[in-house]
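There are structures below to look over.
Look at the two complexes coming up: subunit A is in both, with subunit B in one and subunit C in the other.
On to the complex of A and B.
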């Protein structure tokens, strides 16, 4: 059911010209920016890191706006009542949507890597190719679960869109997707440590450059399971409250 | 069906034109924002741009491409794009989305003036965002700006915001022809990050990107603001400010032309409210 649901939502999102264009074009622009910045900083040997980082930024944007607005979007489409009427736990209905946002986000990662290879001649030589693939899959699933937590908490807020708009750059920054965490103020460390994006980015970077991949993958998975648990609890609470107050279809 | 005979409206005097531009623009601006809470404004238009600036400032520090002043001042001017590009785009796009475009186009007044007036509050909004972002980021990252530079910086940010709002209006005009203005505006905002030379020094960009950037808003305003923040006088920044103003005027004319052409075309093909 999870697999079929995810596939359905991936197909639906992939038919949206807006989603696909934004997932492809904006990360490519950001990757180009990163490439020129790294070149200007005499860091040509890190161009592949720039391409991977920019791609991951695109994945996060996809999850943030897709998952953050997952329930709201169903509400606007008039399908929220129908999916909530399904004789399954709410988490099993919403999780495929949020994982699908992570999967469609991979368009960004693939686009930035292809762009870097074709236009800038970046050699896609990963220190641990197999670990890179595993880390990418774990990262996407983890972001999907993080997205579930976002979806279930954002629905409680009237101004969730504003929060989503606010969270894009802070997570890019604090998670070390392009800027190393070491150059940030020390107080950002604990925040970074609890974010699955930080560990997902680290796992991908280590797989690219040749560091220890699996500890980061493990922590990323652990945090994402916590997100799943908290997201599930929150979603159940939200659903019961909405049923009791008859506000499911209301903003 | 031909319209019935109507009494032509009295000609607009300069004062009435100004009133139509400013009051009409403010009313349209309030229609977009007055039903939301301040948290949306603060989160989207103040906190988000601040983190955008911090992201590039820390990236610049790490790569040692340029100093803090380059990133803080340049990105502060750039933050106006969020309000100006999206605002300018939605000034036209939302009329269509909410089904009120026909009413606006039925107005006996000049639609060119009506729509150009829409850009003004967004320019003011962009200026406010740029000022707040510059102030907060300077305090956070320890950038000292000479007091004498403040009036010039305000002027740079104002000219940049206005040029950017007219750029947004030009994109909004495309919304009368193309279905999805969101794609256009999102891609445009991303391209401004790259092509205005705010984050990558122009010497490190390919020539064609630098050339394209010369015709985009913010490029010259950011350069003028950097010179002013670096202690150069207004005379040193004046040429760049003049170029930014020219870019703004160019986009205002282009927006007016496109609006006129697409309005005529939409009437001819009866596709005004087709989404």
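On to the complex of A and C.
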């Protein structure tokens, strides 16, 4: 069910000309931004970190707008009612959508790294290549689970896009995808600590620079499991609320 | 209520609550369904007929678990639609009319595979069931094409195949023939009729009288959120007993003339239907009063076509029921 559902949603998303165009353009923009930001800061040796962070930003955007957008699109095309009508737990219906967005986000990470190499000559040298691959997979899974938690809101709200728009930049910043969280105000620390994106970004950075990868990977996985549990409970509650509030359909 | 019924609705009500404005929020309430009760026997083909906004879709969505009733209760195959949601969902199929409800960028086959998995069709049965349904709805050979290239009729047939994947005991059809051409609509009616003949209970909502008349064992006419009449098509026709219908084809009938017709002695209802440049004026009157002469007098000076006097049909009975609501 999960595998076929994920494959179906990946197919549906990857056949959209709009999403294909965005997927082609955004990684170039992100790679450029990251490279110039770090060049301006005289930290050329950290360009690879910048490229990884920028790639992660792309994965987050994909999950956020993918999960929110996919559910909103399903509402527009009348399929949200049809899938929620299935005799399955809501989590099994929605999880393939958010995992699919994480998978399509992988492309964003790879494309950002590739453009960084092609356009700006960034040398793709990772201190722990194997750990980098594992951390990337864990990170994408974590983002998919975080997307699941957010998806419950998208199922309930007809204008979920507004929420998705406001979450994009703060999560980039607070998770330390582009800048280290140590340079951010202290009050952002507790928020960063509970976001799987923070630990995913840290794991990727450590794998790139040679620091301890596995503790960050472990915390990232732990938070993912919590997101899955809370997302599952929340979706069951929200499905009932949506039936009471009549928000599964467009009108 | 016993288990002889596939569907039991008892005093169903549904109020939509909304809020408009941010600075001065104003709460709105719309009572879409106001105490609907009826039962549908197993294997019966039951029609829910009514004008736009009458509460047909809201009723169907409460029965198929997509909406929670504000009050009242309903059971499908003996299972409560609020408390035993998943049990109900296992036993029902839902098909609605129009272009929506399918993954357009995927093929018909991908759509069916996904929904088969979602609706719990056993993996070893999926291939056979999908092939069987594609054959049933006449889409064999077109299943690998993307749905966005399908015609309205093909989409509708795919919808039906999707709704039947898990062999539901009860099938809810919400205006399935809307926007479908006459040939496709006839095929659709034949498919629905065949399903009912094989024991599937069908609850059909429609605007089209001929469709309800041809297919349904019993019909409930719903207007203003309440059931106004319920019976077999023959029983419903009695609502127009004692009436006579005069139909006049005309060009450019002013509103004042229609109002004047309503005031004629013996006239019960008037309706005007635009057919391009032509207008079809239908006047229902008491059968014992001949109003044809009066009608033609009121329409003096207006270009007229064919004038016809006839016995009432189910459609006339429907108009009489809805207008009386």
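Note that the second predicted complex is superposed on the first by the 237 of 251 C-alpha atoms of A that agree within 3 Å, B and C clash if a C-alpha of one lies under 4 Å from a C-alpha of the other, contacts with A are read in each partner's own complex, and residues count from 1 in each chain.
The rule is short, and it goes like this: a contact is a pair of C-beta atoms (placed from the backbone, for glycine too) under 8 Å apart; a residue touches a chain by one contact, two chains touch by 3 or more.
Only a predicted model underlies this, so the values are computations on that prediction, with no experimental measurement involved.
Chemist: Here subunit A is shared; do subunit B and subunit C fit on it together or clash?
Modeler: Superposition check on subunit A shows subunit B and subunit C fit without a clash.
Chemist: Return first, second, both or neither, reflecting whether A:118 touches subunit B, subunit C, both chains, or no partner chain.
Modeler: neither
Chemist: After the superposition on A, what does A:4 contact: first (subunit B), second (subunit C), both or neither?
Modeler: After superposition on chain A, A:4 lies in contact with subunit C alone.
Chemist: Taking CA centres, what is the subunit B/subunit A/subunit C angle in steps of 10 degrees?
Modeler: An angle of 80 degrees, rounded.
Chemist: Once the shared chain is lined up, is A:246 touching subunit B (first), subunit C (second), both, or neither of them?
Modeler: In the superposition, A:246 contacts subunit C only.
Chemist: Check the residue A:183 against both partner chains and state whether it touches subunit B (first), subunit C (second), both, or neither.
Modeler: The answer is first: A:183 touches subunit B but not subunit C.
Chemist: Have a look at where A:81 lands relative to subunit B and subunit C in the superposition and call it first, second, both or neither.
Modeler: second
Chemist: Which partner, once the models are overlaid, touches more of subunit A's residues, subunit C or subunit B?
Modeler: B
Chemist: Can A:15 be said to touch subunit B (first), subunit C (second), both, or neither?
Modeler: In the superposition, A:15 contacts subunit C only.
Chemist: I want to verify one number: the closest Cα approach of subunit B to subunit C after the superposition, in Å.
Modeler: When the complexes share the chain A frame, the smallest subunit B-subunit C C-alpha distance is 5 Å.
Chemist: Across the two complexes, what residues of subunit A are contacted by subunit B and by subunit C?
Modeler: Subunit A residues touching both partners: none found.
Chemist: Within the complex, which stretch of subunit B touches subunit A?
Modeler: Subunit B reaches subunit A through residues 36-37, 39-40, 42-44, 47-48, 51-52, 54-55, 58-65, 180, 182-183, 186-187, 190-191, 193-194, 199-201, 204-205.
Chemist: Which bits of subunit C are touching subunit A when the two form their complex?
Modeler: So the residues of subunit C in touch with subunit A come to 16, 64-68, 86-87, 89-90, 94, 96, 98, 100-106, 110, 113-115, 117-120, 146, 162.
Chemist: Which residues, counting only subunit A, touch subunit B once they are in their complex?
Modeler: 17-18, 21-22, 25-26, 29-30, 32-33, 36-41, 43, 158-159, 161-163, 165-166, 168-170, 172-173, 178-180, 183-184
Chemist: Using the touch rule from the top, collect the residues of subunit A that touch subunit C in their complex.
Modeler: Touching subunit C from subunit A are residues 1, 4-5, 8, 11-12, 15-16, 77-79, 81-88, 93, 240, 243-244, 246, 248-249.
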